[in-house]
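Look at the two complexes coming up: chain A is in both, with chain B in one and chain C in the other.
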Partner chain A sequence: MSTPFRPGRLALATMGCIALTVAIGQAVSSETALSILTQAAIFALFATGVGVLLKQNGMVSFGHAAFFGLSAYCAAICLQETQWPAELVILVSLAATTIFAFLLALVIVRVPGIAFAMLTLAFGQLFYQLALKSRSLTGGADGISVAWPDTLFGIPTSTLLDNGIIFTISGVLLVLTLALLVCLHHSRFGQTTEAIRDNPERATFIGIRPTLPRALVFTLSAAITATAGILAAFNSGFISPDSLHWSISGTVLMMVVVGGYWNVTGPALGAAIYIVAKDLIGDLSTHWLSLFGVLLIVIVVFTDNGLSGALRTLAARARPTSAPRHP
Partner chain B sequence: MLAINIINGLVYGALLAIVASGLALIYGLRRVVNFAHGSLYMLGAYIGYTVAIHAGFWAALLVAPLAMFLIGVLLDRYGLRLLRDYDPLSVILVTFGLLLIVEDLVQTLWGKGNLSLSEPGLLSHSLDVAGMTLPAYRIAVVAVGILVAIGLTFWLQKTRMGLFVRASSTDPATTAMQGVDTDRLGAFVVGLGTALAGFAGIVTAPFLSLSPTMGSNVLIDSFMVVVIGGLGSLSGAFLAALVLGQVQMLGATYLPEISASIPFILMIAILIWRPAGIAGNRT
Partner chain C sequence: MTNENMILGVTDVAVHYGGVKAVDGVSFDLRRGEIHGLIGPNGAGKSTVIDAISGRRGLTRGAVHLDGQDITRCSVIERRRRGLARSFQRTSIFPNMSVGAQIGLAAHKVGAETPEQDARRVMEQLDLAGVAGTAAGSLGYGQQRRLDLALALVGRPIVLLLDEPMAGLSPQESADLAAHLLKLTRDWGVSILLVEHDTDTLFGISDCVTVFELGHVIASGRPGDVRAQPRVREAYLGSAA
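Up next is the complex of A and B:
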């Protein structure tokens, strides 16, 4: 069962994690290491978005790359076509993606099970095709550069783009999102969505209408992913249709399951492991895709809840039990 | 011009029908959305390519499906059968892992570049049909697609084994109680589905070049066919393949800007309207 909610502990842990993130951003001097850590933090945020949909709604999305790319494209196009300040563009991109996700969710969360996964796959690929074909707006397969101005929120962009700073920004955003999700998990809304997830019929009997809570979780999940998309567009200054392809959604789903989505931090763990391991193994062997395939199968088959679940079980075993239970 | 496009649509529809019928069979019996199906199609094409180089196209046409049948039986025996009690997401992800492994295997064994196979001599000429010049090979592909559709329908509707497959698709537990060996049946059906993927792969090889990305494209198209037709329904899949083939080919010529989006819009509309697909009655 879930542990009782201790707000003080959460606040302490959050501050500790933020301090750790800032310290890592300052202490690590290798540019390569920092850029990989930034990549890991961005994908951890992406995976956290996909994970919350699975955890709270029990829904599998094969199309979240669409939200990742949509916010980035939105920012790129606004910066190119309008004279709006970049701060406004960021807000507009996030808001537009979130509102779009909400409207979409109202329709698609009614569709059950595998059909929902197929539906998200279709929507994701639809956006991939649109980005690929609307050459005048998106630059087609070549993608477009995201032209950030010289200063952002009063700070020179070059300072923000320093590897240590961008990692710190991404990391802090990730920690805050995770803290928010822990609160959500313990809130009334979190309990409601879990009731719907476990048994929509019974939830309806006790007076809960399932569509709106489900749609809100979907919207939250898309908003988190869209934030990751903006960060990625800021970090690389570039967006192409490749970021919207369903294989990206599939890969992120793989990170989510490897990390274990029943823990709030599981998906982020999975993403960090994937990105770091891909870099480490990628140097040694060209077969890292197979290795991840094998790892994925082993984890799905042999663990209840990915690596974070396995870690938790190990920790529970290592701890001396105060009161041995007898049946 | 229009007639040629329609025929090209028929060719693509026939291919999709062969691939997607395998996917539908596996879904029908094992309730598994097989993400590795596209990569198995690719593996069949590459195995066929190697056999064709050494022993000719006709040998490849026989060996590739047989090899894939064997792989399918193993996949069921040591994979899907053991995963029966897992939730659908876990099984989907296992097939996704398999996809990664097969793609890496193909890239390792055959390289990343494009490979091409020439048509068999018997079918390399052109035919004059009603004033049009058509490559004989493409006509043969359409004929093969029709034969597969008829053959599978006959097998499912008229034979004893087909009856067992239909029964087991509806209710595996009761079917097993009636004395049907559902494990062997499952292995055969997954083998057959995989063999169909491999067969489509070798049939495609002479007119679409082989590349490590060929599986991904076909996977999404055959998902669309299976979803539009109704998950697990063969007749629905054949109909959807026919429609999708036309939409792809006619769209590419007359509406190039949005042609690739039309199938997705169609799929979305149908899933929202009837989540179980046109011919589906299961939820």
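Up next is the complex of A and C:
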């Protein structure tokens, strides 16, 4: 049986998660721990963007790092070249990346399967090369500093960059994004995109035009990733072409698969595990990608839907009366 | 036959793939409230005709009229909005979505005036109301075939194109489905174009039968008349039929 959608329960869970995030931001005193948690929250947002594309459209992207880097570069260049207020720069950077993603999506979401993945790889690498070669604008391989002003939204930037505060901001944005995606999943639009994903021909024969819903999911996915990019640029004050490289997209895709993309929270879980565990293993961290690769193989072979799916199955087993919900 | 009686007209339809003539010069009509059966050996062109009428395949030549309107150039979605619906040879549903959700979604997307009522009515008609909350992928095959039919039935279509809806069903399930089809034509006024290999069932419920061979029509008429034709018996039914 399908799980019924209970908006009240979602609102309660969202408020609870926000309260927990605020509490962690206040309670954790270690600067290093907060810094790692912030990075985990930012990459969780990035992975959530990649995950929604996979979940709703069934599409794999090897080019989402382009949106992550594009919004950050856009902010850095605008702050450097114009006198616009930083708040406007953030909005313009997000809007420009989102509009670009929508226009791109109208063309590439028509292409199915592996060809789509290759197109995302191509445009991702195109932006990587552009960032690398346009030295006068982007600083080339050296990257570019993001010159944030002294205040942002009326709050001193130094306050916002306090490890506890920036973690809280990133965490709250992540929680709100996840809540939005749960609503999307249960909406008519969510059902429409899932119908297209599972059976595009049948979807057409019940009156659904597939291109626009697919393009909108791609755009939403890019907007979430762009938000993560802005947060990363704010947190580090720096952006370089490395952030746009396809290997970043590939790593985030691994986070998504390890966490499990059929559950809305799965990609965020995968990203958090990747970032936190990488730091916890200390000296072995130089071999982290190899270790994560092994974890990826184990999870793909032994679980239906990543760690989140495995946790869900275990929870269902603990409650014998409720049947597990298949994706 | 008067034009008022004709709900679907297929005129000189040809579908060629390069040099291969899958269907060539096929013409027949479907009358209001009737079941029109299409039979023929494998590769005779029956499914290609269904594909051509529904817009899944482009025509090399010919025309298709629905309720007096030329729909030859209409898209699949436009044909569906005008009341032409179809099911598929292989069950075509949304396996991860619940039965109720997908029928409800279809009712909204085809532009039904009262989508919730329409979805409920279709589920009741096809005995699917009891499994409305169940994921379609976990249904039995017979129920999946009925769900496939339900997705075609929402939005009150005027013509249903059914491509081997009884394939893989047990004799009892086939008989149940045949009863449902007769009920649909009687109670809902839906006209049905039916491709089916189960000739006994097809002859039993059809008002008119058209026989295909190698992309051409070799006979068309009332079931008894068609069955009696020597060429049909030789080509498809076998001499003992």
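Note that the second predicted complex is superposed on the first by the 312 of 327 C-alpha atoms of A that agree within 3 Å, B and C clash if a C-alpha of one lies under 4 Å from a C-alpha of the other, contacts with A are read in each partner's own complex, and residues count from 1 in each chain.
Convention: contacts are C-beta pairs under 8 Å (C-beta built on N, C-alpha and C of every residue); 3 or more make two chains touch, one makes a residue touch a chain.
The structure displayed is predicted, hence computed values, not measured ones.
Visitor: Name the contact category of A:L119: first (chain B only), second (chain C only), both, or neither.
Guide: In the superposed model, A:L119 contacts chain B only, not chain C.
Visitor: For A:G207 in the superposed arrangement: first (chain B), second (chain C), both or neither?
Guide: second
Visitor: On chain A, which partner touches more residues: chain B or chain C?
Guide: Between chain B and chain C, the winner on chain A residue contacts is B.
Visitor: Given the touch rule stated above, what does A:L132 touch, chain B (first), chain C (second), both, or neither?
Guide: first
Visitor: Which chain A residues contact chain B in one complex and chain C in the other?
Guide: Residues common to the chain A contacts of chain C and of chain B do not exist here, since the sets are disjoint.
Visitor: Within the complex, which stretch of chain A touches chain C?
Guide: For chain A paired with chain C, touching residues are 1-2, 188, 191-192, 194-195, 198-199, 201-209, 325-327.
Visitor: Quick one: which bits of chain A touch chain B in the complex? Just the residue numbers, please.
Guide: Touching chain B from chain A are residues 54, 60, 107-108, 110-115, 117-119, 121-123, 125-126, 129-130, 132-133, 246-247, 250, 253-254, 257, 286-287, 289-290, 292-297, 300-301.
Visitor: Looking at the complex, which residues from chain B come into contact with chain A?
Guide: On the chain B side, the touching residues are 33, 35, 83, 86, 88-90, 92-94, 96-101, 103-105, 108, 216, 220, 223-224, 227, 231, 257-258, 260-261, 264-265, 267-268, 271-272, 275-276, 283.
Visitor: Could you pull out which chain C residues touch chain A in their complex?
Guide: 54, 56, 76-77, 80-81, 85-86, 88, 92-98, 101-102, 105-106, 108-111, 133-135, 137-138, 151-152, 154-155
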